[in-house]
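Should a chain be cited, it is by its letter among A, B, C and D, assigned in written order, with residues numbered from 1 in that chain.
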Amino acid sequence: MTSSQAETPRAVLLLSCPDARGIVAEVSHFIYTYNGNIIHSSQHDDEQSSTFFMRIEWDISDFTLPAEKIRAAFEPIAIKFEMSYTLEFSDQVPRLAVFVSRQDHCLFDLLLRNKEGEIGGEIALIVSNHRDHENVAEWFGIPFYHFPVTKETKPEVEREQIDLLRRESIDLVVLARYMQILSGQFVEAFPKRIINIHHSFLPAFVGAKPYHQAFERGVKIIGATSHYVTENLDQGPIIEQDVTRVSHRDSVEDMVQKGKNLEKVVLARAVRLHVEHRVLAYRNKTVVFE
Amino acid sequence: MTSSQAETPRAVLLLSCPDARGIVAEVSHFIYTYNGNIIHSSQHDDEQSSTFFMRIEWDISDFTLPAEKIRAAFEPIAIKFEMSYTLEFSDQVPRLAVFVSRQDHCLFDLLLRNKEGEIGGEIALIVSNHRDHENVAEWFGIPFYHFPVTKETKPEVEREQIDLLRRESIDLVVLARYMQILSGQFVEAFPKRIINIHHSFLPAFVGAKPYHQAFERGVKIIGATSHYVTENLDQGPIIEQDVTRVSHRDSVEDMVQKGKNLEKVVLARAVRLHVEHRVLAYRNKTVVFE
Amino acid sequence: MTSSQAETPRAVLLLSCPDARGIVAEVSHFIYTYNGNIIHSSQHDDEQSSTFFMRIEWDISDFTLPAEKIRAAFEPIAIKFEMSYTLEFSDQVPRLAVFVSRQDHCLFDLLLRNKEGEIGGEIALIVSNHRDHENVAEWFGIPFYHFPVTKETKPEVEREQIDLLRRESIDLVVLARYMQILSGQFVEAFPKRIINIHHSFLPAFVGAKPYHQAFERGVKIIGATSHYVTENLDQGPIIEQDVTRVSHRDSVEDMVQKGKNLEKVVLARAVRLHVEHRVLAYRNKTVVFE
Amino acid sequence: MTSSQAETPRAVLLLSCPDARGIVAEVSHFIYTYNGNIIHSSQHDDEQSSTFFMRIEWDISDFTLPAEKIRAAFEPIAIKFEMSYTLEFSDQVPRLAVFVSRQDHCLFDLLLRNKEGEIGGEIALIVSNHRDHENVAEWFGIPFYHFPVTKETKPEVEREQIDLLRRESIDLVVLARYMQILSGQFVEAFPKRIINIHHSFLPAFVGAKPYHQAFERGVKIIGATSHYVTENLDQGPIIEQDVTRVSHRDSVEDMVQKGKNLEKVVLARAVRLHVEHRVLAYRNKTVVFE
């Protein structure tokens, strides 16, 4: 939970490797050796692929190794077990870019939750293909970048956006109902670092106008899905989903309205999980350590 | 709700017709004229197709028209508004046939809920392509019919089943995880009177092994869907759906286990709604008056 | 649903009376006589008290009686059945006053949902015992009134507030986490027209610091409750409730955070239901026609 | 999850102790030393009381220490960290006694889930103060004990019941809507080993007839709570809760019906969690490692 994380400086190690004996013992011994206090620890075995996943968070207040030397000290363990891993510190605040088009419900929701501390990280900038929400950005004191996009200018615009995101050291791109499909070049520039909100319960109703599709099919429940963006539209690893009931009384417009509430909540949860280093994507799925 | 329906004899009128003024006034006036007391009344306008739907339930304890004459007396109103309608009486108990294969969780659930009065109607017979649950039928005192099915014998078996269902005056066929696909001839013999439970959140994961499909896609929520059976597999009008959370920790087997609980509940709700004359199917959707 | 209400002018009749035959017939006949088109109609019988409740909404585009004469024309029916009733028109926008203290999550939520049209009515003014959210009011262009309150000044302050609310023709007072207990004089001035959000699943955890109480008791689910304010603290008729899961991992602060999301949603639903004339309070309960 | 546990023999260590550094390191090193493979590991810090909780489950297929010697080998670690702990093995099947009165919905549900393997353990016997369900016990092949209870005979009956439970080596007593309040002597004989289902969302509606209380208060949600039984009625540590929506349309009887479904599910979950050694009770709360 966010609230307690603020209290003391923490390190978070997020790793995956082929399953083997002794991983937990070695990792926890490493932390103990340098006088760390484990706060949370979760693990998962994927039996299909014999892969081991772990998230371990420890208090580094009294750690006898300075933060910048931890990685090197841990490296032998990582090599021994063939680990892929990330090591993050609670005093390094992730920088977020929020992409938005005309609808502002997800944008407002992220800004307010970030302001209240429910979602960590720093919303460093807002990007839009329209000027509609420039005043919202201004009110929250966040730089706003307007990039009009046409079919012709899109490749060039994307290059400029990538430059901006790199210049601003953006760690995570949040597509908060951004109505442009990102090209492969963009997606490759930020692998597993772009989160989208799709307004359906994927894999039902892929593509455009999912609420219209749901209305036509006569479903009794609608959903929203947040996922990492990959080159295949709406096919990336799912981070979070949620649903709400509808009935024959709900018109398409009613579904859109109910769906907005879902989209906000589901996107906010996914962003929080990513920012707190709780998500590991592998084989087009996610392991989420809550 | 079931509980109060038992108290006094009731009539239930379920109708649809082109939208027009005065329908509620005429129907309620009709009931009032013969001294009926309206207990529940619900209506719905489908704006797309300008269709009006209504369910009206009234106490006929003091009705001055005998039950068998109500239909004739109502006919002029039905003709005037071009209504399709059914008229049912609470003392006519619908007769149900439950079709089952090897899995017994839905069968047990229906039998127990029926015994407790949560689902009305009389479970008149159980049909299975296996003998596994003959003793369950026996214990509940319900006739059990064993119809082994092979590709070759299927047309003949279905004809025998249709004969049996007609002979036994079955009003509703419930496919309680019956693992045979019914042919067009069977479906046509019981239009909008066959309810199936599909073990996914339709339209996601149509067809075989939906939990395996869900596992592969890495969804965070799984579902179950009850629907009227039509000739197109898993495409019929949806009556009820529900969902439950899963995570990376859930294996396919775990999903199957969690799904069983969903399947039971969703099928039971759909059967109850149908038996209480609360469902109107139109244009491959349902209007459900709860 | 909100969306369709905007389309054509509507009247909404919300009534209760002793149960009797012919009520639906007479009311629907009345509407038909003057060429109204019934859009929604719901009813309820409370069997305990033999009380009949009804909400009926009709299109008055082609009504042959002008709006200001409907009440007089309906009066004989109301007298005949001893009805209590309200008659509202969709072109009369209810005026809301939002009371707030230091926490702004419910305030922001109401303002944004109102802006998006999800909650109807006009937020005519914001009242607070603190100046913290004056800039929020300003940004949304809503008059802000600061009333500092002390134990000594409270009676006088409440009189001023009542004057303000009357002068501004306020129809509904929304206590959006307003941390002052209103006196009997205030409550009596706006009977069934003050909605509060209590941050627990009432009747569990009445009074102060409900999340602390919930934490101490070790509950696995926390809730929020919106209710009409009566003279008895947290005892008024409940309009809406919702809950969310917690676990041993959640500190009091985590519960407060999760609770904020509940409070927003539950208060918003209650306000919407009231503004759309869907709530009838009787005997310290509510009938809610959704 | 149950399904995978059956595959290989497992040990489960469930412990609590004062918080300290090195606990995870020592415990995981202990398991690694004897060639165990950790399958699941969860931990929790209660910051209020500085208490550490842990559940660790490992595959003992290739463990180099025989099961009966593990306890002695682990003892030094337990002493060092002042641990309270239990050590269980998957091949030791817990023995359950189900107590029931007239209502059979929870009894049937437990029997069926146990038969399907969803709830582990062996239902070794059924106790009732009525003979109603003797045939159910017989059908499932489980010994049935009839203990009629009157105010006068209760102390003597309880002594006989305690004797029976001890003779049969019962590990867990499940009160499946058993309508007798157990005395202090009974409760003390099975500390933290009696699970009850209370038909309300505790702490709301303690005591008798909670659905009547809920109906009178006009709540919009009802619940069920499973908890360990202590000497104070309905005050023991909560293991699991769940809720469902009700409305003004629901009579007390409807709430009872809806509640039955909740009671079944909530009790089943609590029993499963206990049987899988996932629950630690402390300070009148529970830590539940799911």
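Criterion: a residue touches a chain if its C-beta (ideal position, glycine included) is under 8 Å from a C-beta of that chain, and two chains touch if they have at least 3 such contacts.
From a predicted model like this one, the values you see are computed outputs, not experimental measurements.
Visitor: Smallest number of touch links from chain A to reach chain C?
Guide: Minimum step count, chain A to chain C: 1.
Visitor: With over half of the numbers shared counting as same, classify the chain A/chain B interface as same or different.
Guide: Both copies touch with mostly the same residues.
Visitor: Comparing the two chain pairs, does C-D have more C-beta contacts than B-C, or is it the other way round?
Guide: By the number of C-beta pairs in contact, the winner is C-D.
Visitor: So, comparing C-alpha centroids, which chain is the farthest one from chain B?
Guide: When every chain centre is compared against chain B, the largest gap points to A.
Visitor: How big is the gap, in whole Å, between where the Cα atoms of chain B centre and where those of chain C centre?
Guide: Going by mean C-alpha positions, chain B sits 37 Å from chain C.
Visitor: Between chain C and chain D, what distance separates the C-alpha centroids? Give it in angstrom.
Guide: 42
Visitor: Two-or-more-chain contact residues of chain A, please, as numbers and ranges.
Guide: Where chain A meets two or more other chains at a single residue, that happens at 4, 47, 249, 251.
Visitor: Given the complex with chain C, which residues does chain D contribute to the contact?
Guide: 44, 46-47, 201-205, 217-221, 223, 237-243, 247-249, 251, 284-288
Visitor: Within their complex, state which residues of chain C touch chain A.
Guide: That would be residues 1-4, 105, 108, 112, 116, 118, 139, 249-251, 253-254, 257, 260-261, 265 of chain C.
Visitor: Show me the residue ranges of chain A that touch chain D in the complex, using the header's touch definition.
Guide: So the residues of chain A touching chain D come out as 4, 21-22, 24-25, 28-29, 31-32, 35-43, 45, 47.
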